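Here come two complexes built around subunit A, the first alongside subunit B, the second alongside subunit C.
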Partner chain A sequence: MNIIKKQQEHDAIDCLEGMEEELYKDFSYEELRNIICRLKESSVKYPDEQQLENTITACKAYMPKVINIKNITKDVKLFDKLKLILTYCNKIYILVSVLIYVIGFYLTTSGYFFGSPYRAAMILSPIPFIIGLSAVFKSRSAGMEELEMSFKINSIELGLIRLVLMCIFNNILSLILSIAFLYTDKSLELSKMMICWCLPFVTISGISLFIAIKIKNYNFTQFIITLWSIFSFIIISSEKISNWILNLNALVIAGIGVAGGMLWVYNIILIYTRSVANEAFD
Partner chain B sequence: MLSDEELVVEIKNGSEAALEMIVKRYYNQIFCYVVRRIKDHHYALDITQEVFIKVISGINSFSSEKGKFSSWIFKIAINTCRNYFKCGMYKSTMREISICDEIQCTSNVISLLEKKEDQRVILNAINELPDFQKEVIILKFYFDKKFIEIAELTESNESTVKSRFRQGLCKLKVILEREGLKSDEYNKKTTGT
Partner chain C sequence: MRLLIENVSKRYNDKQALDNIFIELREGVYGLIGPNGSGKTTLMRILADVLKPTKGRVLVNGQDKTDMDEKYRELLGYLPQEMGLYKNFTAFEFLLYISALKGIEKKKAVWKAQELLELVSLKDDAKMQCGKFSGGMKRRLGIAQALLNDPKILILDEPTVGLDPEEKIKFKNTIADISFDKIILYSTHTISDIEMIAKEVILLNKGKLLIADTGENLLAGMDGRVWKSKVSEKEYANLNSINDNGLITNISRKKDYMEIRIVSDKKPFENCETTEPSYEDMYIHYFKTKGGVR
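Take a look at the complex of A and B:
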């Protein structure tokens, strides 16, 4: 007991030493020491282990929820997402696509290449999509990574929105090109021109996307471009094939269109299925 | 050993192990503070639990740049006790249970009774102090906090804290003299003369 008392007195003296004289001018040293000793003497029995465990159990219910990207993305409105996507759209991609179409238009109208506007539309129509596809699957590029890291949009949504935007952009370009051709050459038919850019676009974009999902590395771009180059070469070198395409039966055209559309739906399902494991856009 | 701040990061990431460690690290300290403030052992248990629930549910608002975790948790404990005193229920349910019932030392019956009586006097004396003075006295003597730390915890300035401390001590002296625990009597008890 005496050891405890001595320790308490020692603590009290320590306590006093840290204080300014002004604070205890109304006390004698002994008085102050005794008050502090008395205060320090009172002890508290700690709660038992069960009380501690109860508190831990109660606290567990209030643990912060780990951030779930999917939940956050639900809170962001579609319009805001589109705005974000447009902010990060690669300007170089847009410029290159426009440039390809402008050069294609110039080469066709000046008679240097392609031969006919129909062939030009057939060859050019899927090119912006093929180029853009590689950028979508390389979503870890600087700008996109920043966007994804913001957790406002997840990589799956981001990829799909970009694909849709690419399709819209590609079709707008093709439509402008068609109008430009129709404006320069009055003998051209709008329906044929539409077939020339719609059919290759639907089939090639569907196949490209399918290959891109399956292959899952960036070499697929080279593969698709090579494939498309061979196809383009055949069309340019053989007038028969381009004429055959232009004179296809309406039912066949509709069939190709439906098949292309179904391939797109299948691809989107595939992307969503794979998104569970976050594989599709990695 | 992981620092408080490291444990907080782990808790923010959903680690229950880190939660257990931080509760175990501070449980007794917070309980001691609360029980000294509110006197009632059973209510102190509830309030201590409430303090930890507040800490965990608000853990995302804690930033180590703003200050130490130990200061933050004490601040929550101080505010929770203040709320308890503001609550009307406190006065109607206040029981005559004191820390004296929980004295650890049981060397013999006489010394236990003496000790119980002394502790009752001390605790009653502390409880007679106005709340803001009691806060300072408890933090200074039982938790060895510096005046600047107490000022930060109680959201007041250092000179105010010192003034409250001095006033508290003066009142304690008066109360203890009134209760018959004069320094000479105490000296006799402690020295055995």
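Take a look at the complex of A and C:
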């Protein structure tokens, strides 16, 4: 027993030799030796499984989360995304679109151009969408697409929201124009007026979007506008075509509407699934 | 943080761009080296969430990046090899726009944009339109945008292209400085860029992972394989024969002689002595087929 005691005292002195003076300067040498000897004599019971579990559970609250980052970014809600798009949208685009509709309305009601409000609605309805398409693909034309794909709000998401906003804006303009025509000319029919702007909008916007996705060139807007101008000229110069559109039966109208809608769905899938335009190897 | 690239493959039609890459990354700088077509940019694009792998997955602390979606992109800072700018924006406006896309609050974005413009020496050009920027200025603005959100995973594809020597040094120091709490993947063809700052070097070739190890270990593996020799012009002209035994990695022309470095498993010729291997020697050793350098 005495030998064990001696050994413990010896160990305690060894411990002190290894310690920095700062740690034991407030104790006398004897006090320290007693503390160390007492600690050496005492034994700590190994905890059972339940105690271990309890300790882990208690400590979990203080453990870092899966990803512990400095909070510089915030949660982005749909409202924030809309705000972002509206903040950075081209004000001239809105102005030009409104102006086209106002001029179109004036030229029609004053009898200078278009011939009839139906034709005017037909020709004007997809124009704001076509003009705005370049904004949807602006990251691509600026060479920013690859970079913007890596952002929290990525270019695909942003492009799709822009598309939706443009459609809403375009249709609001067409609706206002229709109401204005119906208000000024009581002989016009609401259903025909709706067909006149809904049908060209759904089909032409779908085709334009398809062309814009496929033609990775900034000039696609000019290309689509040129195509639309030719089509408009045909409508204006030939009363037969506009009359044919106006007198389409309900089944054909529904068929064109469904085809346009399906083209839109196909376009959205294309936007989602396509990778970055430039997939060149390094 | 632990970023695990787990058996990632990418195939473009008939070409295998990446083949079963498995790498684990933790905080620090990782130099990504490989010749053209080795798959560096493809790997970086996958990590930047720009491309989807054909096979395999990328895990952040055990969580699949696909499931994390925007929470993953929140951690990212990415500088692609080539990037355009919105020409009508000023440098400051550009950074504010990017901040908004990264989900940074406006006040913090203003403060961060100013700080970074100073860091990349564009403070005086903050109000200049990006369309008027030189190549080097565009690159510096690209670096600034990558750092805006204090990213935890920073992916830099040839970041120093177009920078002047002073800017290169400043950039490398910045990267070394911020790397303590970030995973930085740094792709370059300029070996000296990563020599001092990379914790590990990842060598890719033809879409496959050749080796990933610390620079010290890679260089240690080259011990006794790098030789130097002083030769005359005439002797140098007759050195074609050594291509069977080794590769000349460097030639420096002095006044009366030429000093050459050779990577070879055995002594290439009599008048040679071993020397300390460099990163360039290592690159040549791993990527050049014998007889292809001179």
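Please note the rule applied: the second predicted complex is superposed on the first by the 185 of 282 C-alpha atoms of A that agree within 3 Å, B and C clash if a C-alpha of one lies under 4 Å from a C-alpha of the other, contacts with A are read in each partner's own complex, and residues count from 1 in each chain.
Here, contacts are C-beta pairs under 8 Å (C-beta built on N, C-alpha and C of every residue); 3 or more make two chains touch, one makes a residue touch a chain.
This structure is a prediction, so every number in the text was calculated from the model and none was measured.
Student: Give the label of whichever partner, subunit B or subunit C, reaches more residues of subunit A.
Tutor: It is B that touches the greater number of subunit A residues.
Student: Of the partners subunit B and subunit C, which touch A:Phe231 in the superposed model: first, second, both, neither?
Tutor: A:Phe231: touches no partner chain.
Student: Just to be sure I read the superposition right, which of the two partners does A:Ser42 touch: subunit B = first, subunit C = second, or both, or neither?
Tutor: first
Student: In the superposed arrangement, which partner chain does A:Phe210 touch: subunit B (first), subunit C (second), both, or neither?
Tutor: Neither partner.
Student: Thinking of the overlay built on chain A, is A:Glu30 touched by subunit B (first), by subunit C (second), by both, or by neither?
Tutor: First partner only, subunit B.
Student: Which partner does A:Gln51 reach: the first (subunit B), the second (subunit C), both, or neither?
Tutor: Only subunit B; A:Gln51 stays clear of subunit C.
Student: Which residues of subunit A are in contact with subunit B in one complex and with subunit C in the other?
Tutor: Looking at subunit A, the two contact sets intersect at 66.
Student: Which residues of subunit A touch subunit C once you look at their complex with the stated criterion?
Tutor: Subunit A reaches subunit C through residues 66-67, 69-70, 72-76, 80, 84, 87-88, 138, 142-144, 146-154, 158, 275-276, 278-279, 281-282.
Student: Where on subunit B does subunit A make contact in their complex?
Tutor: 11-14, 16, 19-20, 23-24, 27-28, 31-32, 35-36, 41, 45, 48-49, 52-53, 55-57, 59-60, 99, 102-105, 107, 111, 118-119, 122-123, 126, 137, 140-142, 144, 146, 162, 165-166, 169-170, 172-173, 176, 181, 183, 186-187, 190
Student: Under the stated contact criterion, what part of subunit C meets subunit A in this complex?
Tutor: Where subunit C meets subunit A, its residues are 1, 12, 15, 17, 36-42, 45, 48-52, 60-63, 70-71, 73-76, 78, 80-87, 97-98, 100-105, 108, 112, 145, 149-150, 152, 155, 157, 187.
Student: Taking the touch rule as given, give the residues of subunit A at its contact with subunit B in the complex, in rising order.
Tutor: Residue positions touching the partner: 1, 5, 9, 15, 18, 20, 22-24, 26-28, 30-32, 34-47, 51-52, 54-56, 58-60, 62-66.
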